[in-house]
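Some notes on the structure that comes next.
The first chain written gets the first letter, and so on, giving A, B, C and D; residue counts start at 1 in each chain.
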């Protein structure tokens, strides 16, 4: 019974990890319709930043900057030529992710590296260790920050305006190119932050991004097009589902169950996934 | 032929249609007018299955349309065009028309190459005057030609009811004239509903007009009756300048 | 008419006559492997290039075909006993799922029908709900990931991570013999040729036009009275069937099937190959698969570490500078030449 | 269809030119070509690159000492790319195109299984350097890593001696862990030990909180860990943060060597036991020389591990067999090999005549805070390899028929 109850906070903490890795993706995918397969490698860049600094607290803002700038470069040099062609972007960024993986292998070596967890994160409350609580806190903070940014700042509102009607926003004097840059910077930066957090619980190596990218996309898909609210619910739901499915079966089956659940969910609620307006058909 | 009863549609609390009742008898050419946001396009969307009404019934030739999918409604004989014409740019004009004409054939029958031009396609080509452009990709057509192609595709479907959403929007005066003639010709042997607010065009080609306002039917009658109706004048007053030019959304 | 078929006939003669005569057995085997991939690529060219469905999980169908074939091969060798890997895995009785695969007709039909049925089920589910574009791509990718986990987890049934290998004979022919391998090559090349012609026919038919229309304006097609979900499902199923057949051919040619062959990465690599070759032309897809297959072999023989860089870079270049791939470049060059000659 | 003509032509011309271009490089008479086939890219590169390095070191040593039969060994290095079918393809290339005298290669069981038919078909030799799950004895493979009775069973003997009776099994989902756990369960049944749970996770799995919860609820005396690769990092981090220590619940691992310790983080794993046949700290004269030579060639911060040492041994053992046979001809080498006994870094190693595995000494070590592993237990003398566990009554029936 305790084991059963323990799975609840564990599920929430898995959900928090999912939320963190998907938050940046929700941002870029939701706000810009860009499918960035290199998102996983931005997470990896964040983790390596933590490795270089060997300090978790310093690493958080630094990783945000490093991954953000990488995202900025990617957006300016390539992605901006691909707006409106999500599938091409998907493939392009996959190529980028391959190059980044190999680059990491050449820069840092193939073996995993170690980022020491800060001493104040050892120990825990009940089943949840402090490092898990830290990740949950970080996820909540990330979501709140994004929400505040989108609703309470001028830049955020401009971002939303561009999302809703790019042409109209452009004609009303919003520099859409700049908004795109900023959005991509923030989205990628959030991936970097996730990368720092992941050093607490997982390996830090060139393959890091590949372990998380599919899960991150599942959260975004299940959550609906860039809906922050949807992504939060999806992350928590999938986290809990994963936790209990693995508890009752095993880790392999749990992954399959999660995927099946996402497909089933899309059967019931595909509405979150497409917007159809007759006047601007296709 | 077409009968809408108490149709209600709401988007996020906004009532796009608020209890619309509309009957279009067979063989009629009906114009739908009304200011921006009156619900004209929504009404067409409801009939063609794109939007599902929250309440009310939509019947066509004795069949209930609510809950049917778009292509099923087309198969019952209801066709429509869009404000922004969507034609398939990579396909030629003939291929576009042929596609529209062939939906009744089973899928496997389509796996053969097209041989020549079918009767329905030839007729559409002739009616829309696009014969000379038949083998050109639709991507090269001008705006007006695209609209005609779209109407041609609609004709090739051989529907019993045609719904046209602002067919002359953005057209030059000559093009409008030609479209008007095309419409009149089509109306001779089809039931047609046209959404339009070009008043000039309306006066020249319309017989019966339904005025929508804020999701309801305001007035129904002949062009002359409607244009002198005080309620209609009130609705259009002060906004006349925008609306007669033809709105764009 | 003759002129139209001349290029295809030339290629067919080279592929069917010259290649088996000129190439060493090892290289011919590699070419046969690339041609298997080319069959999958052909399906991707159809589904993605013509139908706009970016499928990142084609490896799943390839795998279903491959496993069907492998099960048959394992059972003929076991001669009523258990396949070798089941012995190691502690399986004591042949699982019921395996029993019918002893029949070659059943195994071969399953290699094609299995993928088709899965594609129909999946297609019906997602296309009907109008899940498309990137969502579809991500779902198929997740499907590939889940499939690998499932196969790896059922070791007693599938051979787990190892997959199945150590095949000796196919229809009584010793697979180690060069003559058998040459025959297999001819079969693969022949199948590819036939499928290429059939697909080209399909693309040029009215169905092909409909498919392009669905790609460019799915919602508009609905108002032409067609059900786009049906069109897409049928096309997706056809591409799945091709991948399945390719998988079934792959197993005797290469001598192994394992989950590593049908995961996310190999599936994506094939999409990359199609993009590099030129997705808008079927021949481009075929070309891309062969070129990328060869490039991978050549590069890993020369400098292994460079492959990821090259693959990534090639892809970025193709997507940004030549989005129509090699076929597009060839077309442009041919067009220039033609107009230069004309003036 | 005008388009497709240049494309189609290009296709075939390129394919043919490409495939035919690989001109045979005739081996000159004073050289012997050997193949080294490991993953140099992909997920397994982490482990396999260093094995290749150790093999290259051995080749260099042999060449510096005058070569084999007066000829220099020339390595042909190929990349298996962490992909089993690629291993089969490259093995075919090495054997048929390059006509190498022997191939040293592989790491995962899957890569070995994929290569096995190639070597049996073309009657060529493979030297496989990694501990594995047993139940195999190919006439064309020499196994220089441990089989189960030289690693798993000694590991269990050690746990039993330590009084650990309630065991939880955790492994990655593939052949080695599943087979190992089958053996462990049979051993436990015969030795009064209790198996409290058996859990598998997919390769590359990185979320271990649920599994750790299951382990902690079962409260075992020890965990037998057959996880592979990156999963170990996540598993040990999860254990550590949940308060599990090496004292309260030791985790015996069979796939973690010196190289992996840094990536997992010494603080997460120090104190836990591992089972191998060799550690960098193993005290033999041969090891002193090996560690010194390896660091001199590849860098002072490099560590040596069991599989590296087994790959290094493989090259030396093959050279010894060739010398004895007087030829590199495969059947002659196979015939000459049994009984060859050398003092290697791990101690005395003898090639077994029955199954082409090695007689090896089993060693249990504890991971130290400096990242190295200190031996705390050994089997005393080399154990005769028994891949089918025929010498263990409790294991009857495990090998299938």
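Throughout what follows, a contact is a pair of C-beta atoms (placed from the backbone, for glycine too) under 8 Å apart; a residue touches a chain by one contact, two chains touch by 3 or more.
Note that the structure is predicted; figures quoted are calculated from it, not measured.
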* Asked: Which chain has its C-alpha centroid at the greatest distance from the C-alpha centroid of chain C?
  -> B
* **Chain pair with the greatest number of C-beta contact pairs** => C-D
* Round to the nearest whole Å and give the separation of the Cα centres of chain C and chain D. => 33
* Structure fact -> Taking each chain's mean CA coordinate, chain A and chain D are separated, in whole Å, by 36
* **For chain B paired with chain D, centre-to-centre distance based on mean C-alpha positions, whole Å** => 72
* Just how far, in Å, is the C-alpha centre of chain B from the one of chain A? -> 44
* Structure fact -> chain A residues touching 2+ other chains are 105, 250, 252, 255, 276, 281-282
* Numbers and ranges of chain D residues touching at least 2 other chains -> 173, 200, 202
* Please set out, as single numbers or ranges, the residues of chain C touching at least two other chains. => 149, 152-153, 216-217, 219-220, 305, 308
* Given the complex with chain C, which residues does chain D contribute to the contact? -> 1-12, 14-16, 18-20, 22, 40-41, 78-79, 81-86, 88-90, 92-93, 96-97, 108-110, 113-114, 116-118, 121-122, 133, 135, 173-175, 178-179, 182, 200, 202-203, 398-401
* Residues of chain A touching chain C in the complex -> 35, 78, 81-82, 86-88, 90-92, 94-99, 101-102, 105-106, 214, 217-218, 221, 250, 252-253, 255-256, 259-260, 262-263, 266-267, 270, 273-274, 276, 281-282
* Residue numbers on chain B that touch chain C, as the complex places them -> 48, 69-71, 74-75, 79-80, 82, 86, 88-91, 95, 98-100, 102-104, 107, 110-114, 153, 157
* Any idea which chain C residues touch chain B in the complex? -> 201-202, 204-207, 209-210, 212-213, 216-217, 219-220, 222-228, 230-231, 234
* Structure fact -> Counting only contacts in the complex, chain A reaches chain D at residues 2-3, 6-7, 10, 13-14, 17, 105, 110-117, 121-124, 127, 129-132, 200-205, 207, 210-212, 242-243, 246-247, 250-252, 254-255
